[in-house]
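Below you'll find the structures, each written out as C-alpha cells.
Here subunit A shows up in two complexes: once beside subunit B, once beside subunit C.
Moving on, here comes the complex of A and B:
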C-alpha cells in the first residue's frame, strides 16, 4: 500500500513544475490578488458593515430580520417575485424551446433571434415599455380596463410580467440546449414500444429535461431577485430588497441597514446558484455539446402543436409590441398628451446625455478586452492547470455570478472609499471604480465561454504542444488561443453588452464626473420623461447591436480555421 | 548501446486520496535498451497509459523515478523532456497545416527556418506525406492524420518515442499494414520506443519485448516468444493468445527438468524450470489450442466428445468435452486432416514439448 508520505512527493513535484514556469506562477498569484481585492473584499465589507451599528459590533440588524417590517417585507416580496418570475419564465422558456427543437414550426431562426433579443437589451427597457403601454396614460390602458377592470401596472403583477419577458429568454436558452441534446431516438424508441405522444412527453422528454428545467428555474430566480432596474421603475408600493437597499444607502445614508438588506438578497441568490451549479448540474443526463441532433418530430398531433405554436407567436408578438412601443414612444411630442411625431426627444436626449454616452462607451470599451482576456486566462488555468488553490480560484471567480449587483455596488463604495492594506488607492468618484467593477462583474461571462470552449478542445492537443517543447505560456498563445478565438470574441461581445446595459451595481459607483447611459435613462424615467428615456434606450440598443455586428464579422474572419476543431474524437 | 537507456524505478501513481485512493500504477520497474521497442500491454485500466504519461511528464509519479539516458527527469516538465508522444487521437493542431504541425516543435526549439524546412520535408518523405504539407489536418484521412502525428514526433529526434495506442482509431486492415510500417520505421531510425496497446496481436508483432500489466502491476516482462510460450501466471496465459487450463497434480519427479503429471487419469511428461514443483502439488496445465491433435477414437487414450465444430477457412476450431470440461482445439490446414462432426468421439493428444505448467490458481 502507499504510505501517506508518498503523496507529498507528487505535491512537491507539482509545485516545482510551477516554479519552473515563473510567468505562470506570477499570473496565478496576480489573479488571486485581484480576486481577493475586487471580488472577495467588497463582499466582506458588506457583511462587516451589516454587523456594525453605531461603530460597534452588533447583531441587532440580524436579530431584527423577522421582527422589523423594513427587513421582513422586502425579503418576502423579493422571494415571491423570484418564485413567480422563475415559474412563469421557465414555463415560457420550455414551451418556446420545445416548439423550436421538437416541432416543425417554420421560421425557427426568426423565433429564436426574437426570443433572445431581451437578453442583449437593457432589462429595464421592458419596464419602460410596460409603462408606455399599460401605465396610467398607456396606449393600451383603456382597452385593458374594459377587459379586466381597474388595475395598476405598478406592483407585483406588472413586475412578474416584465421580468418574465426580460428573463424568460434565459430559461429558453438553457432549455433549448438541453432539449436539443436529448437524442430523438429515445423518444422514437418510446413510441415504438407503444407509448402515445403524451406518454412519451411525460415519461421521456420531461424526465430527461428535469435537471435542465431546474437549472433554468434557478437562473431566472437569481436574475429576478437581483434585478434592480425593473423594480426601480415599476414596483410601486411593492418593496423589494434591491431597491430598498439602494434607497437606504443613497437616500437615508444608512450603510448598515442597506448592507443588511443586501445580505438578505445575497443569501437566497448564492444558495440558488450553488444548488444549480453543484447539485442540479450533476444530475444532468445530457451533456450539452452544441451539436444539434435534428430532433424535429414529424406528424405531431394538434394538441402538442397548438400550445407550442401559440406560445411562440404570442411571446414574439409581445416582444415586438414592447420594443415597438419604445420606438413609437420615442418620437412622440409629449407622452400621453400630444402624440404628434417629432425628433425633439432625440435632440434633447443627446444634449443632456452626450457625456453619459461618451462615458459609457469609453469605460465599456476599456473594460471589455480586459474582461475577456483575464476571463479566458482564468478559464485556462482552472480547466487545464494543476496548482494548489485551483478549486478556490474557480469558486471565487464563479461567486461573482451569484452575487447580486446591489451587493457588489455597495461593496465597492465601502471598500474603495478609503485606502486599505490590499489596495492603497481611493477609487470612489473616479473612472477606475466603474471600470474595475465592470471588469470583475462581467468576468464570469468570459470565464464561462472560455470554459465551454476549452472543454470542447481535446486536452491532448495542448499536451502535444508541451510535449514538443512549448511551455504553458507558448502553448496558450500558439495553440489554445487560436482555437478558442471564436468563443473569446463571443465572450467579448456579451461582456460588452453587459457593460453597456449594467445598472444594479453601477448605480452605486457613478459620480458627477463619470456617469453612464443606463443611469441617465433611469433619471429620465424618474422625471417621467418617458419619451426621452425611450429615445436613449433605443440609442443604447443600437450601439449594442452595432458592436455585436462588428464582433460577429471579426469572429467570421478569425474563426474560420478554428471551426474545424472536430477532427478529433 | 546502453542497456538502461530508459529506466522506470519503482513507479507508483495514486489517484485521489484517503478512502477513494486508487493505485493506478503499482511498483513498476522497467529497463529499456537503446533502440528497443517495448510494449506496455494490458486490459483497459491496467495503468499502462498512466505509466506512459509519467514517462512523458503529463503525470507526476506519486513516488519513484523516471531516468532517460542516465538523467533523472521525474520532475522535469513535459516540454523539457527528451520525449515525444504520438497520441491516441493524434491531437493534431486543427488551425495549423500539416507542415506547420510537423514544424511546430522545431519552431519552438528555434531551429533555423532552413533546418526546419529540411527536416520536415525529410520526415514527410519518410512517413509518406510528401506533397500534403499545405493541407489542413481535417482534409486528411485517418491514416494520413496518424502519419502526421508520427512525423511530428519523429522530427524532434527524441531520445524516447512514446506511442499511446496509435492504431486504435484506424480500421482493421489499415491497422495491420500501419503497424508493420511503424515497426520498420522504428528499426530504420533506431529510436527507443515505448508503445502502449491493449491488442495482444499488435504487441506480439511489434515489440522487442512486452511488459504485461494488470491492475497497475507488472505481471511479466519478456520477448513475445517467452511470453507466449512460458507465461508466468494464469492472467498472462489467458491474456496472450488463447489457452485451455487443465487442472492436474504433480506425480513423480523424474529428473531436474522433467516431471510426470496426472491429468484426467492420464500421465504426461512435462519439462519445467528446475525445482519449481514438488511431488503431489496441484498445478494448472496450459494447453494452447494449436498444441492439440485429434484422431479418430483409439483404445486406451484420452478420449473426448466433439461438442462444436466451426470451419474458419484457414483453420478448424473444435470444442471438445473431456470429463466435464471443455477444451478448445485449433487445427490448421483443415483440408489435410480428418474432419470431425458434433457428437464424434476423438482421441486427444498433446504436443508435450509445447505444454506449460503453472502453480494452481482459481479462475478469475
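Moving on, here comes the complex of A and C:
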C-alpha cells in the first residue's frame, strides 16, 4: 500500500515533470481532445439518442425491445451466432496452430499464409463465395444435395460456416502465439515421466493454453457479433442485431430505436472485451525465457497427427475453393444462368466503379499514416511517460476495438451532422467523416503495434539518452523512433488493410461524393449481380496485396531483420 | 528542428480540422438520388451534357434520403430529391422538409401526379406485379400466379421472395394495396398465412427478389413492373411477368425540392428538365413509364391502362405508414 501522502507527492512530482515539458503537456491534451471528440462523443450520442423520444427522457425504446419479439429475437440470434462461431473458430484455430507449432507437418509457411488470407480480404467475400458455391443455384449445390438432402445456405448454418472461415484465422493467430510461447520441453518432460499422449494433452498442453483459448474465443465472439457484411448477404430470415439496427435506421428512418438496438449490440461485445483484457489476459501462464521455443514434438502418434493434418488440409482446400470460386464467378456472363466466360464484368466494374476505387484508395492512404503516427504516439505516452489519466487514455483508445462498427457508424452520423461545442464543423457528406472514422476505428492496431515495439526496447537505453542531456523529443526522435520503425510499418500495413476492407461503420457515413468499394460490392450483391461483385472483390484483394508488398519492401529497406508484430489479441 | 517530431505530429492531427473548413465555392447542384447508381448516373449525365450544370449526387434508398434530409433540416446539404416512391416524399412533405415548386411542363400534371401544394411531383410510374421463374414453373407444373391468392398455392411453399415492407417502398406499396383492398385486419390475416406458407425470405431492397427469381433461388418475386422488365426479363433471366387480376397498386416516382437547400435555382432547372420529352424518353432504357404523354414508352413495357389497377390512394398510404408498419411487425414478428 502506498501511503496517501506519498501518493500525493508522486502526483505532484509527475505534474512538475510535465510542466517542464510544455510541448508534452500540449500533445497529451490534444490527444485527449481528439479521443473525446472522435471516440467518446459518438458513443455517448448513441446512448443519449436511445434514451430520448420526442425530446424527452424516455425508457420506452428499451421497454419496446424487451416486449417485442421482432426486436428481442435478433438479440438472441446474434448471441447464438457469436457463441457458435466463437466455438468453431477457436476449435479450428487451435487445431491449425497445434499442427503448425507441434507437429512436423511440411509446408508450414504455406499453411500459415493460407490460414491468414481471410484476414486481408474483406470478410463478406466469404459469404459471397458461399452463395456462388452453395446457394440454390450454386455450382456445388447439386452434389451437396445428393449427400445431405435439401438444405439452405441462408441462415444460421451458412452464417456460422462463413464466419468460421472469416474469423477462425484470428483465433489461429492468437493461439499460434500462445502455443509457440509454451515450451514443448514441458510436454516432453511429462511424456518422459510416463504420461500418455492423451494425458499430456489434457493435463499440460490445454491447461497452459487455456488463457489463450479464452482470449481467442472472446475475440472471435466480438468479431462475429459485430459482423455486418456476412449477415447482410447470407443471413436470410435469421435476423441479427447489426443488420436490424442498420435497417431500422436506413429503412424506417428511426434513429432513436436504431440506436437502442445498437446499444443492445454494444453490451455483450464490451463485456467480452473487458473479460479478455482484464481477466483472461492476466491469467497468462506464458513466460518468455529467452530460449528459442516452438520446437516440434518428435514421435507423435498418428491419432494426434491425423486430425491436425486433416484440419490444415481441409481448411486450406476450403480457402482455395472459396476464393477460386470468386475468381471463376467473376468471368461468367450472367451468373447462374449463362456461364459463358467473358471480360464484360470487369469492363462494367471499371465503368461504374472507378470512382469508388479512387475514393477507397485516397481515403485509406490518407488515413493510414495518421493512424500509424497517432497510434505510435499514444503507445509511447502510455508505455514510457507518467501522467495523470494515462490509464484512461489507453482504455479509451483501445475501446474502439470492442465497439461494433454499427454503433460507431450511427454515432458518427449523430455527432457530426451538426455543429457542437466539441467540434464546430459539420462533417456529414464530406471525405473527412470517412477519414476520421477510419483513423480512430483502426487506432487500436496502431497502438498495439506501438506497444509491442516499445516493449522490445529496454527503457534504460532511453534513460541513457536522457542522462546524456537529450530531452524527450530528441530521445524519441533519435533513439525510440528508429528502433520501432519495423513494428510501425507492420502496423501501417494492417491498418491500411482494415481501412480498405471496412464496411460496418463506413456504410453509415458514405455519400454520393465519397463512396467506397466495399459499399459498392454490397450493392452489387443486393441486386444479385454476383459476377460483378466477385470481380470487384478480386480487384480490392489485389490492391491490398500490392500495398502489402510495397510496405514489405519499405520495411526491408528500413529495418533489417524486421519482425512482424502480432496484430490481434 | 528540435521540436520537429512533435510539431509534425500536431500538424498531422490538426490537419483534419483545417480541411473540414475548406468548403468548395464553385456552383454545383447537389442531389439525393434513390435510383440505383448506374441508372441515376444515366439521367444525370444526360442533364449535365444538355445544360452544362455540374451535379454531385448521393445514391441512397428513399428511406435513407428521408432520414438524411430530416437530420440535416437545420443545414440542408442537397437541393433536390430525385426519385423514390412518392410515399416517402409525402412523408417528408408532412414533416415540412420540402419546398413546394410547380415545375414548368409542356403538359398538365394531374391530381394523382402531384401534391396539392406542389411539395412533390411525380415523374414516372409503374405497377406492382409478379415475376416468376419459368423453369421452376414448368418443373412444378403450375401457371404463373395471376391473383393474390395464387401466392398461397402450396406449389409456391417457401418459394416467394419480396422486400420487408419497412425497408422498401416497393414492398410497402404491396402491403398498402392489400390493406386498401381488404382492410387492415383482413390484410394482416392474409399476410400471416402468406408469411408462414410461401415466404422464403425478405430482402432489404425492393428489387432484390427479381434476380432471386431469375436465378431460381425462389419461384416468385413481387416487385414493380419496370424493375421486373429492366432487371429480370431484359437481363436474360428466364422469367415471366404477371399481374393479379383483382387489381394491383402502383407507384409514382417522386421528385422534390428540399427546403433550404443550397442551390434552389439549379434545383428548379433540374426538376423542369426531368419533365421534358427528351428526359422522359430516357426512361425507355429502364422500362419506367413516363408521365409526359408525348414521350415514347419502352419496348415491352405495359402502360398502366393495360393492367387492372385499384384506385390506389398514395396520400393515405404515405400518411398512415408508421401505423401500418407497426401493425405488420406486431403481427408478423419480423
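We adopt the following convention: the second predicted complex is superposed on the first by the 546 of 569 C-alpha atoms of A that agree within 3 Å, B and C clash if a C-alpha of one lies under 4 Å from a C-alpha of the other, contacts with A are read in each partner's own complex, and residues count from 1 in each chain.
We adopt the following convention: a contact is a pair of C-beta atoms (placed from the backbone, for glycine too) under 8 Å apart; a residue touches a chain by one contact, two chains touch by 3 or more.
In this text, all values refer to a predicted model and were calculated from it rather than measured experimentally.
Asker: With the two structures laid over each other on chain A, which partner does A:483 touch: subunit B (first), subunit C (second), both, or neither?
Answerer: A:483 contacts subunit B only, not subunit C.
Asker: Answer with first, second, both or neither: which of subunit B and subunit C does A:10 touch in the superposed model?
Answerer: first
Asker: Using the superposition on chain A described above, determine whether A:305 touches subunit B (first), subunit C (second), both, or neither.
Answerer: Neither subunit B nor subunit C is touched by A:305.
Asker: Go through the superposed model and pick first if A:108 touches only subunit B, second if only subunit C, both, or neither.
Answerer: A:108 contacts neither subunit B nor subunit C.
Asker: Once chain A of both complexes is superposed, is A:474 in touch with subunit B (first), subunit C (second), both, or neither?
Answerer: Both partners, subunit B and subunit C.
Asker: Going by the contact rule set out at the top, does A:197 touch subunit B (first), subunit C (second), both, or neither?
Answerer: neither
Asker: Check the contacts made with subunit A and report whether subunit B or subunit C touches more of its residues.
Answerer: Between subunit B and subunit C, the winner on subunit A residue contacts is C.
Asker: Contact-wise, after the overlay, does A:465 reach subunit B, subunit C, both or neither (first, second, both, neither)?
Answerer: first
Asker: Between subunit B and subunit C, which residues of subunit A are contacted by each of them?
Answerer: Residues common to the subunit A contacts of subunit C and of subunit B are 474, listed in rising order.
Asker: For the complex, give me every residue of subunit C touching subunit A.
Answerer: Residue list for subunit C touching subunit A: 2-6, 9-10, 12-17, 19-21, 31-33, 36-38, 41, 56-61, 63-64, 66-67, 70-72, 74-75, 77, 164, 166-168, 201-205, 207-208, 210-212, 214-218, 231, 235-238, 325, 329-330, 332-334.
Asker: Using the touch rule from the top, collect the residues of subunit A that touch subunit C in their complex.
Answerer: Within the complex, subunit A touches subunit C at residues 23-24, 26-27, 30-31, 34, 68-70, 73, 135-137, 154, 232, 236-237, 239, 247, 249-253, 255, 334-338, 352, 369-370, 373-374, 377, 413, 417-418, 423, 425-430, 432, 435-436, 439, 473-474, 476-477, 481, 511-513, 515, 520, 523, 526-529.
Asker: What part of subunit B is in contact with subunit A in the complex they form?
Answerer: Subunit B residues touching subunit A: 12, 14, 17, 21, 23, 56-58, 60-63, 74-75, 77-81, 83-85, 87-95, 104-105, 108-109, 136-138, 145, 149, 152-153, 156.
Asker: Along subunit A, where are the residues that touch subunit B in the complex?
Answerer: 1-2, 6-7, 9-10, 13-14, 16-17, 20-21, 458, 460-461, 463-471, 474-475, 478-479, 482-483, 561-562, 564-565, 567-569
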